[in-house]
Each structure stands twice: as C-alpha cells, then as structure tokens.
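Written out below as structure tokens is the structure these notes cover.
Chains: A, B, C, D, E and F, in written order; residue numbering restarts at 1 for each.
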Amino acid sequence: MPLAPLLADAAASDRARAVFDDIRRTRGSDYVNNIWRALANDPAQLEMTWAQVKQVMAPGALDPLTKELIYIAVSAVNNCAYCLHTHTHAARAKGMTDAMHAELLQVIALASQTNRLAIALQVPTDDRYRAPPACAPVRSRD
Amino acid sequence: MPLAPLLADAAASDRARAVFDDIRRTRGSDYVNNIWRALANDPAQLEMTWAQVKQVMAPGALDPLTKELIYIAVSAVNNCAYCLHTHTHAARAKGMTDAMHAELLQVIALASQTNRLAIALQVPTDDRYRAPPACAPVRSRD
Amino acid sequence: MPLAPLLADAAASDRARAVFDDIRRTRGSDYVNNIWRALANDPAQLEMTWAQVKQVMAPGALDPLTKELIYIAVSAVNNCAYCLHTHTHAARAKGMTDAMHAELLQVIALASQTNRLAIALQVPTDDRYRAPPACAPVRSRD
Amino acid sequence: MPLAPLLADAAASDRARAVFDDIRRTRGSDYVNNIWRALANDPAQLEMTWAQVKQVMAPGALDPLTKELIYIAVSAVNNCAYCLHTHTHAARAKGMTDAMHAELLQVIALASQTNRLAIALQVPTDDRYRAPPACAPVRSRD
Amino acid sequence: MPLAPLLADAAASDRARAVFDDIRRTRGSDYVNNIWRALANDPAQLEMTWAQVKQVMAPGALDPLTKELIYIAVSAVNNCAYCLHTHTHAARAKGMTDAMHAELLQVIALASQTNRLAIALQVPTDDRYRAPPACAPVRSRD
Amino acid sequence: MPLAPLLADAAASDRARAVFDDIRRTRGSDYVNNIWRALANDPAQLEMTWAQVKQVMAPGALDPLTKELIYIAVSAVNNCAYCLHTHTHAARAKGMTDAMHAELLQVIALASQTNRLAIALQVPTDDRYRAPPACAPVRSRD
C-alpha cells in the first residue's frame, strides 16, 4: 500500500499535471508511472526529480543503456523492488539482452561479496591507490 | 588496521602463493593488492574469489569498462572505501574519462534519491511492470 | 508471512501479556500491533524493546512528532516496510501535515543523494569539522 | 584520499565558481566545504545539488534544525562519515543542544533495532495500517 | 514477480539441469528452490553459486547450524525476504530451537543498535584494538 | 574524530560512572572502551545499552562465542569499523580460531552474494517456505 495517494490527472495540481504532460511528451507514451503519481503529492519534489531524470539519463559520455545498468546496480544494493522492476524493464526496452542481464548480475554478486570481505577484514587501501587518479574538471560539459 | 595480517609471499601458504602467481600472470604486473594478501589467510576463499573475479570481469556481453562502472556503483552503495579506491583506479586504467566518471556519479546520485523516495512512499509496482520481461536462458554461454 | 507466530493474548506467556497490558494502558487503545505479537515469542526481547520505546519516544528535548519524523527517516534508509507503515500513521496521528510529510521526504531524498556522492568520491572531512563540537555531558537528564 | 581533486577557486570552471560564489553569499561565509570542491569537477552535478540544498533546507513546514536532525539520521544509517561531521556541526550551529543530540541518537538507536526485528521476523503490516493515511496534494506550495 | 523466469527442468539448459541434479543428490530431496530456478537463466552463475554453497556451508571449524545463524544475520541486515524465509527454515531443520532463534534475534537487534551509535558518534577505535589480532594462515585447510 | 567527547571518569556524571564501574566489575578489567565513554554523554542511553549488552551477550541457548560471530556478521553488513575491531578481538578472546574466522568470513561473503542475487531478480518465496516454521513461545526464559 502506498503511503501517499497515487494521484490521477484529475486529482493532481496544475504544477503536477504540467510535469505529467512533459513525461508523456518526452517518453512518447500516454502512460505515467506510479512513482510520478506518488511524487505528485509534492509538486516541488516532482519537478526537481523529473528535471534531474531528464538531465541525467540523457545520452552523454555514457549511453542510456549503460546508465540503466548502473541504475539497476544501485537499486539492487538499495533493495528497491519498485525501481528494480521499472528499470529492468527500461533496460530491456533499451536493448539489454539476456546475456547482458546475466553479466550485470554476475558483477553485482561479485562486488557484493568482495565489498563485504574488504570491510569485514578492514583491508587498508594500498598506498598506490591512495593518490587521486588524474582527473581534470569536466570542461566539455560547461 | 586490517583484522587479519596482509601476508607477504614468504608468509603465504603454497596454495595462496599459487593464486598470487596467477594474479601476476593475468595482470602482467608484479604487484599483488592488499585484498589478496588479506584473503590469503584463507586459501579456500582466496581461490574462490580470484576464480570468480577472473571469470566475471572478463570481456563478454558487457565490456570490461562497463563492468568496472557497475562495480563502482555497487561499492558506493555498500560504502566500501577500499573497493572504491581500487576500482576507480581500475576504471581509469580501462579508459574511464572525467566525463564518464561524472555521469556515473550522476546516475548513482539520482538512483539513490529515487530509490529512497519509492521506498519511503511504498510505491506499488505498476501492473505493466509486474510480468517478467521476456528472458530466455543464456544459451550463448553454455 | 511472519517467521514466528503472531501471538494472540491467549497464546502469550504471562510476561508477554503483562507487556501487552502496559501497551494498552500507555496508548489508551485496546489494539496491540503485530510487531509486539511477534516479539511476544521472546518475552525478554519484548520487555526490553517496549521499555526502550516508552523511554525514548516520550516528550523530552525533542517533541514526540519530531521523534516520529526521525524514526521514519531511519526506517526509510533501512527499508523497513512494516516500520514505514506504522510510523507514518503514528506521525499523522501526532500532527504531521501533508506539507511536513513532503518536506521530510525532500530531506531524505537530498541526504540520500549527497551521502552517496560524498562516499563515492571519498571526500575527506574538512579540518574545521574534525574537532568535536562543544558538547558537555547531558546533566539535565541525570 | 578523495577520488577526484578538491578544486580550488583558481582550478574551477566558471560555472563551478559561480556556484561557489552563491554558496558564499547564501551562507555569509567565505568558506566553501570540501564536498562542493569535489563536486566542482562536474559543474552540472554541482549546480543540481546546490540548487536542491538551497530549496530543501530552507525554512518551510519544518524548521531548519528539524531538517538537520533528519539529515543526520539519514547519514547515520547510510554511514556517511563526511556528512555526519558536517551536519552535526550544522545542527549545533542551528541550536541543537546536548540533550537534543542525545535524544536524536536515542531514536536512531531504537529505530535501528526495531527495524531489524521487524525485518528478521518478516512481520506483516497490520490491516489497519495498510490503507494510505488521509493525504491531499500539497497545494500550499503550488 | 521475478525479473527472470523460474525455469522448470524442461526449460533449463543441460548445464543448468546438471546443477539441479546435484542439488537434488546433495540434499536428498526432489525439490529445487526458486533461487536456483531463477539463477538457471545464467548457467555460469548457477554453477559458481552452487559450488560455493556446497563448499562453504559444509561442516568445518563451524558447524552447519552456526553457519545458518550467521546466514540469517547477514540476510536480516541486507533485508532479503527470500533468504530470511529459506534460511530460517533451514536453521529450524538443522536444530534451531525457539530459544536459539530468540537469542539470535536479540544479538541482531543489539548489534544493529550499537553499530548505529558507534557510527553516528564516529567513535574512534581504541588503540588497543587497532593491532590485528594474532592470526596465522589457515594451514589446516590446505 | 568523535562527534561527542570521550568522557574520562572525572568528566562523567555519577550515573555514567556507576555504569563504568559495573563494566569494570563485569569484565574483570580496568579498561573502559571508547564506545562507553562516548555514550556517557547521555547516561540514559549508556544505562540502556549496557543493560542490554549484559543481558543479551550472556550464555544462554547460544554460547558467547556464537553470539560474537553473529555480532561480527551484523557489524560487517552495517559497515561499522569500530564494532568490527572490538568484536573481532572479543571473539578471539572467547576462542575464535583462524579457521573459525575464515569460515565466518566465507558465510558472510556467500550470503552477501546470494542475498543480492535474490533481490536483484526479485525471486518469490517458495510456497513451502511461506508458512511460519513451528515456533512456540520461549517459555523456558519466563
């Protein structure tokens, strides 16, 4: 059961409906996901979150499918059932094959294991990895 | 401080040294990371983990850099400082640019936020995302 | 499905029933939540937990509603569906408005994001924040 | 060690420096925290995050100190050392007393325990808490 | 809803069916759990995971029931409903009494609380606990 | 850096010093750990936590070493460096051998991996594991 009502278009405020409309336009689909209908209870949060999704998930230095794979990895560790369902479907829609899904899960499983071993043993970072890697400001996006 | 000694080659068992040698051969480097020297206290775990790393991180349906990005995402959510240091360096070595790193962090930040909102509101999965996506056995790897 | 039976009054031990009675008295309601009926399988745990709830959630330097907001924040990050349901209702009962709920979620979403960025980048604590803030023993509670 | 350089003003891009200037103006202090200098490697993320902090942490239905308490609770469960240091100092600056800090920690400790018990026992949500609480759109913010 | 089909024997690849057969042989039961039928979509992952389960959960320096208790503790903190159900049943089958279950939950609840307090207060490790405890390589398993 | 001062005996309140004294008596050692000196800033929390530690970690249906192993498992998943250091030392003091430590870590690593796979695939609980296992009230402790 959701802890806030999932607002139908008629129940949403004008600000929320404007976001719904932009979601529909951007995605070329009439369907608006439950998460947006739940966030519509707070139009400020709805606007902020949708603006960030549009900006972050667009093609850039990483392609949209790679971004979905990263999204799934984060959602798996955060244990978000809703997000795993929607983003696994989104990744499929963007071309994730069975083999890619399998390898995504392999990396998630491996990292979950080695993360925990490194933590349980409190392994100190090697001196050679303590210096920050060469990394200049992301000027290409300015 | 590590909770088990980081075993130098001379202190490691024959089984552990054999894994160290394979790490050196596979990576074309004489350096063996602290995590392997910590795991060497248990040669069975060392062998299992190294075998899995070799199998999982090899090129496949996903390229090695994409796998490192996923590894970093998991390590960030699991809060593994050791893993974040070593795998951010590994991703750099495999070609991660500043722009790619920036977008990786953007997706991690976005998903962390939407995951938590979906959970805090207990948003139910949309009916259309409840059916498993078409997904056949990964026969190409048999 | 619960992993221990939810004990009805008739099935509970005398020690457990005494706690049920105190819950009823304290809350002025005949209803005893599922969590207490599950904990009743171990009267020692039931007593410890209920004693702590009574002590901690009482009015003090923080008012009971603020305490409920903090409880919800912890439950959201721990991903406890049961606790999110019961404490969101409790916060409503103690006066949480729609606007307060919305702002609570905004802070949870923001912190989830900045927490993850600080971790993923391993940002070191600023020198000026490393010294403990002025903080004397809580003598007023002695 | 940070995994991206902490950019001094001279090393930051124009977009990043504009955010630094707004941080200084808004806070009435010349000091810019390490997190902003790390995020400055990606001006897009820096702008998004700072805009969200300004909007979310401002006074509203919840006062700024209550928002800091919630921020600390989230950071404690996410185990973000950086965020715990900076936001515990921020809460002190906004009036958190020793007694308030003590009660904040009491609620975090209690919820951490009951969350885990409810999860370990898979306690089902009581029927009476399954219906969403009365909750209208947050029109007052439109 | 699972995000990959639960493969019946007839739908599984030869490699996957060979693992199913070994599970049946090892456990002396015809029943194959859902987790294996889900992992069967990726025979490589299925083989790795099953091999690790067989090796790790076998009697050794720790008896199988103690291993199940540890498994439950990890699953509770990771919030894995599937794993809590299957391993609580497995622990029961291996002799976990009501009293043992109760004490397991007591320790999980206590540690969840003290972990969070130590983190929220950023308590530094005592000097006397910083040196690694005496710990030689696990030669008895070579 | 701790976020509250570590109170020396002279700085602690009478209530806090009484707990310090009981810690010394119970453990037969003059040393009082940093966690207690940090909690001493809030005598109420100090008393509650120490009372719970004394009750929960005492011998019962599970022996004290098994309880320490469970404590370490929880601390590893919660990523509590302080707790991992102190409880790994405590487990050593109570008889944890190198082989036992190795197997503890093996189970933690395995469960971390299978937990994440079950979650990422949203594997549904098998019907046969949905019924609660036979479990009567823990009368022996009444």
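Note that in this section a residue touches a chain if its C-beta (ideal position, glycine included) is under 8 Å from a C-beta of that chain, and two chains touch if they have at least 3 such contacts.
What you see is a predicted model, and the numbers here were worked out from it, not measured in a lab.
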Most distant chain from chain E, judged by the mean position of its C-alpha atoms: D
Maximum centroid distance from chain A, chain identifier (CA atoms): F
Of E-F and B-F, whichever chain pair has more C-beta contact pairs: E-F
Distance between chain centroids, defined by C-alpha means - chain B, chain E (Å): 20
Whole-Å separation of chain centres (CA-atom averages), chain A against chain E: 28
Where chain E touches two or more other chains, by residue: 1-4, 41-42, 44-45, 49, 52, 55, 76-81, 84-85, 88, 98, 101-102, 105-106, 108-110, 112-117, 119-122, 125, 130, 133, 135-138, 141
Residues of chain E that touch chain A when the two form their complex: 1, 3-4, 41-42, 44-45, 49, 78-80
Parts of chain D lying in touch with chain E, wherever the complex brings them together: 72, 76-77, 79, 81, 84-85, 105, 108-110, 112-117, 119-122
Chain D to chain A touching residues, read off their complex: 1-5, 7, 11-16, 40-44, 48, 52, 55, 125, 130-133, 135-139, 141-142
List of chain F residues in touch with chain E within their complex: 1-4, 6, 31, 33-35, 38-39, 45, 49, 52-53, 55-57, 60-62, 66-67, 69-71, 73-83, 85-86, 88-89, 92, 97-104, 106-126, 128-130, 133-138, 140-141
Of chain F, residues touching chain B in the complex: 79, 84-85, 88, 98, 101-102, 105-106, 109
